[in-house]
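Everything on this sheet refers to the single structure shown next.
The chains carry the letters A, B, C, D, E and F, assigned in the order they are written, with residues numbered from 1 in each.
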Amino acid sequence: MLTSSALVLAMTMPGLALFYGGLVRNKNVLGTIMHSFIILCLVSVMWVLWGYSLAFGPDVGGVIGSLEWFGLSGVGGDPNPAYGSTIPHQVYMLFQLMFAAITPALVTGAFAERMRFSALLVFAALWSTFIYCPLAHWIWGGGWLAKMGALDFAGGAVVHISSGWAALACALVLGKRKGYGTAYLAPHNLPMTLLGAGLLWFGWFGFNAGSALGANALAASAFLATNTAAAMGALSWMVAEWLHRDKPTTLGAASGAIAGLATITPAAGFVGLFPALLIGLTAGVACYAAVVWKGRFGYDDSLDVVGIHGVGGAIGIFATGLFASKLINPAGANGLFFGNPGQVYIQLATIGAALVFALVGTFIILKLIDWTIGLRVDAEEEERGLDLSQHEERAYS
Amino acid sequence: MKKIEAIIKPFKLEEVKDALTELGVYGMTVSEVRGFGRQKGHKEAYRGTEYTIEFVPKTKIEVVVVDNLANKVVETIIRTAKTGSIGDGKIFVSNLDEVVRIRTGETGDRAI
Amino acid sequence: MLTSSALVLAMTMPGLALFYGGLVRNKNVLGTIMHSFIILCLVSVMWVLWGYSLAFGPDVGGVIGSLEWFGLSGVGGDPNPAYGSTIPHQVYMLFQLMFAAITPALVTGAFAERMRFSALLVFAALWSTFIYCPLAHWIWGGGWLAKMGALDFAGGAVVHISSGWAALACALVLGKRKGYGTAYLAPHNLPMTLLGAGLLWFGWFGFNAGSALGANALAASAFLATNTAAAMGALSWMVAEWLHRDKPTTLGAASGAIAGLATITPAAGFVGLFPALLIGLTAGVACYAAVVWKGRFGYDDSLDVVGIHGVGGAIGIFATGLFASKLINPAGANGLFFGNPGQVYIQLATIGAALVFALVGTFIILKLIDWTIGLRVDAEEEERGLDLSQHEERAYS
Amino acid sequence: MLTSSALVLAMTMPGLALFYGGLVRNKNVLGTIMHSFIILCLVSVMWVLWGYSLAFGPDVGGVIGSLEWFGLSGVGGDPNPAYGSTIPHQVYMLFQLMFAAITPALVTGAFAERMRFSALLVFAALWSTFIYCPLAHWIWGGGWLAKMGALDFAGGAVVHISSGWAALACALVLGKRKGYGTAYLAPHNLPMTLLGAGLLWFGWFGFNAGSALGANALAASAFLATNTAAAMGALSWMVAEWLHRDKPTTLGAASGAIAGLATITPAAGFVGLFPALLIGLTAGVACYAAVVWKGRFGYDDSLDVVGIHGVGGAIGIFATGLFASKLINPAGANGLFFGNPGQVYIQLATIGAALVFALVGTFIILKLIDWTIGLRVDAEEEERGLDLSQHEERAYS
Amino acid sequence: MKKIEAIIKPFKLEEVKDALTELGVYGMTVSEVRGFGRQKGHKEAYRGTEYTIEFVPKTKIEVVVVDNLANKVVETIIRTAKTGSIGDGKIFVSNLDEVVRIRTGETGDRAI
Amino acid sequence: MKKIEAIIKPFKLEEVKDALTELGVYGMTVSEVRGFGRQKGHKEAYRGTEYTIEFVPKTKIEVVVVDNLANKVVETIIRTAKTGSIGDGKIFVSNLDEVVRIRTGETGDRAI
């Protein structure tokens, strides 16, 4: 479990940091890496102080945890039966910390290359406290969605829907980058992105297999589903792109793998091999379509967080309602194809609740920041790049 | 034949190129340079050590044209590369003795 | 074990992908990374469908596994006594998947910078099915070499001889790169290669220590042998180069480490400290010589797969026949120096069988592909590079 | 534990190698990476031959271990009760190997960009044998500091004070780089450094949590302290820099995280959450100040090993004397704030002993090398860079 | 003294350099440039967004020679840099007032 | 107006720039080039394969000045860029027909 936590940490930094860092232009790479890195630091501190308590502490009306566990008081070496009876409570808390850190880091892809650094810090603090913690509580901390029976193995809603649809709010509120649609905004270093993608895949085993809370047969099954969906996602995005645009791209294959991973996340511990293949297949095609269609809607979700995590997470939660099986995980529930159509409604409600909450909540937070300290760098700073304007550093020299 | 060299702000390249193409200039050669002038550069800092970089990234365009097009090209570049703020750059015009197209061996105005 | 599987995954992508990616020219880096990446995806799917069954399924005449386990039917959470009595069968299957993925990825170094992408996909699919699966069956799946008593702890024959000598067939059939011997074909980014080498070494612990199928004293011993041989390989290649060419190079040290790792692979779980030192020493010198002599034979094995994996794997299998000891691993056998000369013949037969099968089989596969869809990009595409010609992308901008 | 060992290996290479490699100029990147890499190889061999025996073998007068365990004789699969009663003795030895490898690699930051490669090899061999092994013996191998009751959980003195103050000797003896203070010596590739920092953080869990010698509640607590101090270190360095220089930098945040990690190292397994927060906070501010003040003293500790590891390690050992608590680790001792002021003196003695021994010992070793084969490349080689002058290679082309 | 600038295809550099050396020209200065002309550039695509890059990588060679070598140098470049397909490049010849060798301060033909 | 191009050793750039600034030359344009000449390049080796790189990294400075400053600029560059060892570089002086400041459209000496 501690190994899994370390793996998930490595997903945020260096994994996600490099994945995003390679996709931006030369002049913004440090600023972009810094987003993930400083969020990891910030959440690491907030989580042990109040975040974990809000998300997983004693339930208050199904909506939020109490602050009883502030500063980890009462969260020690003994297992907490609600969160894994075989592992120290602190281990569970650390594992959850890593999820809490990566989720706001995922959001940053939406406003890459134009966010003020101070605004980023405030945003991360507010978002983590007011969006992530409640959502995590609803689904994993014994909140109202948990009571309804929502299935989300490793964060399809808590992590991917929440970050993906928060990203949409970000793209809308911050507006397009200068030169969007006219200038050359191509990724400055795709090998860096591919390295990041590789580390993400690697770390995702911690994410999904670790969510089995032990090195057992369920972890193996989750590992299998995760790997299969990632591979299928890469292949199906590649084929979709090949047919649609005549060339299979490397970035496409990597994006497809991430789409597959995001999509299988909620289902990993509930489904068998063939559903995993199908989920990966769908993820690749659907997220490719979402990314291509983005152009039509005209928002600049710079690194495609909506198209990959938002869409992928929603599909994954829905698919869990179809394919979940008690044969795979007796602690779960059956889905539609295993005779329990009711689960589909629960999953749809989960999607709706998470999506709307993330979208609206993020919108409010952003507007508040914009009115107070301002969200976006000014035009000249954007031209010079975040690295020089926000940090007085250059990535390469 | 005249050789026109223009040092411009990098993000203006596309615009200048399009305007020149419209003028009927179908060839040019571009390179990345660093400029030193009235426009100030930037500061960088690494673990408390500061460096002041006085050179600013610029783009250099070289266009060779027949003599009577030279003025129009210069005007076009001024029009499209201008932002009005310091550092817009310079245009240098000089004379060429000869131009050759390597592919065909053609020389003079026909080679351009 | 799952951790080991994740480590081996990381060897292929990003480890090997970057190791190879750094060694090619700027214009081919994405194409090269893509080779490893897409093979990982492809094999991930093929393996769970039919590959595992062919390699490890119920034996058919000592030559191949049956298709009884197609789609993992019957491969579940319960241990299969033949493949580790303490771990879920799926875990073993996943661990083996990672080996199956990296092996064809290793081959790609031989035809770097000139293979058509569609041909690569077909090649990987055929090679994995018709070369890797049978070989794995012969040695690990209860096939004829296993019955003979061949010792190959973690893939000296199955992984390294097979990929190394397949690489020779590739270099011969595809021919040299344009400009080989005249143009400047130096690696475009050695730090990338060194990062890849570091990740390979890191992942190799999963490879070799994981093959002990448990976190026990045998795993520790395999870990020790692995680390020792890698270090000695690096040092001995470095010294050989220093004496021979007057300068020790970084790429040389890294290549020596990989050579040491490849060579110790079959022996890791059967030998003690001093044989490991000796094996590493030999690996560094011998593989350096092989790489330098390549020039004399005039084939363009672009990234030296033959010289490192082919030669290293063969030396390793042979050395296992000399140094294996039941004191280290009671489940193994003794080698020549522990009183069992017969093992040497078995090991030689294993080398011969694997080498010839890989060489000839690969040759046939390549010729088939060449006659049908064509193997090699055309001269103009080669000039532009794989990244633009095959994928319409550029690595750096 | 084996996983932890692999993690710590990855800290040295690629972690530290890239962290340092990114901080130097283009022309020295391979030479710099090679320092860490070849030290890892060298120590891997020396350690199993004589290093482990010197450091952890049967005590000789409290000063050094005997050579009884030369070549690991007697270090096998059975646990050694003094070094973990639940893990094979070889596992403990391997884990310690990784510490022995990273420590001299840390030192190399002090003389980056100007050390002759042959001198580096000799230095590493001597330093490891005559500085590291005795120090490790004093504190962890049952030597005199251990008997005094010194607390150093994962190497605040053994690893960080020793490397940090050895670095000061190096900076003084080798002198400044050409152009120090006038030329542009900025890092050539900060994303590489950030990737390295990420891998270091990731690997440090192996370092600190692994030192609990088991996956238990103590490991969780050490993991928590480690992560918290790293995060706080990054934030506090960032804030200090923001206030002092008006801009928060990415390199600053990363340096702060490393400072936090170095500082918590000796305390990780003895302190709870709030001390960890405080230690991280202090680390970030104090190490930032140390790095800024370096300018006043006028030595060129090129990559700030003194300011980060030397200062951080000393603060950490001292803080352990304040905050250690038997509630966290019954096998430890209480510190000042838990009613045991005596521990503070022991810790101060530990700092003094390690600092003086490392400083003076390193000074002697360097002078010896300088008089015999020469330490520093000549001016023209320094101008061309280590990569071409020492290795005839270029990093990028 | 004449200054000859040639824009050529990058992979031809080695060949041109060798031919010039044979001719007795022992010095030249080379830079990486991007060319725009009849030769079309390439397309790139990232997650469905396409960019058309109109500039083609080219290499620029600058050689300064005494007047009576100029023609031979131009001919040699044409011969060696030519592939016959579009984009082979151009040669520009211009006049220099003065050449100085920094090391010695020599000027004129002796400085070349 | 004269255009002065100097090919110098890269680490001399700062010194030359400072000296020119002192002289009252407030603008220049700099680019990275590779030089081929008497100074030999370096060897590289990768897994036993050796390459000899004949080109040496150099920095090219372009300065445009009014005619009567040209000599002083040349002298200053010689003084500051000289190390006395082979490869110090060359200075080329040529004539310009026209100079324009893009920001203002000024031409001639006032544009410099």
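Please note the rule applied: contacts are C-beta pairs under 8 Å (C-beta built on N, C-alpha and C of every residue); 3 or more make two chains touch, one makes a residue touch a chain.
These figures come from a predicted structure and were not determined experimentally.
If you take chain A and chain D together, the chains in touch with both are B, C.
The chain pair B-D and the chain pair C-E differ in C-beta contact count, and the higher one is B-D.
Rounded to a whole number, the gap between the C-alpha centres of chain D and chain E is 52 angstrom. The mean-CA centres of chain E and chain F are about 18 angstrom from one another, to the nearest whole unit.
Separation between the centroids of chain A and chain C, computed from CA atoms only, is 34 Å. Among all residues of chain F, those that touch two or more other chains are 31, 44-46, 94-95.
Under the contact definition stated at the top, the residues of chain C that touch 2 or more other chains are 3, 184, 186-187, 189, 195, 247, 249, 251, 392-394.
A list of each chain pair in contact follows: A-B, A-C, A-D, A-E, B-D, B-E, B-F, C-D, C-E, C-F, D-F, E-F.
Within the complex, the chain E residues that touch chain B are 2, 6-8, 31-38, 54-55, 58, 60, 74, 77-78, 81-95. Residues 179, 183, 383-384, 388, 392-394 of chain C are the ones that touch chain E when the two sit in their complex. The touching residues of chain B, counted against chain E in their complex, run 3, 17, 26-31, 64, 94-103, 105, 111-112. Remark: chain E residues 44-49, 51, 53 touch chain A in the complex. Contact residues of chain C toward chain D in the complex are 3, 7, 184, 186-191, 194-195, 197-199, 201-202, 205-206, 209, 215-221, 223-224, 227-228, 230-232, 234-235, 238, 247-251, 253-254, 257, 273-274, 277.
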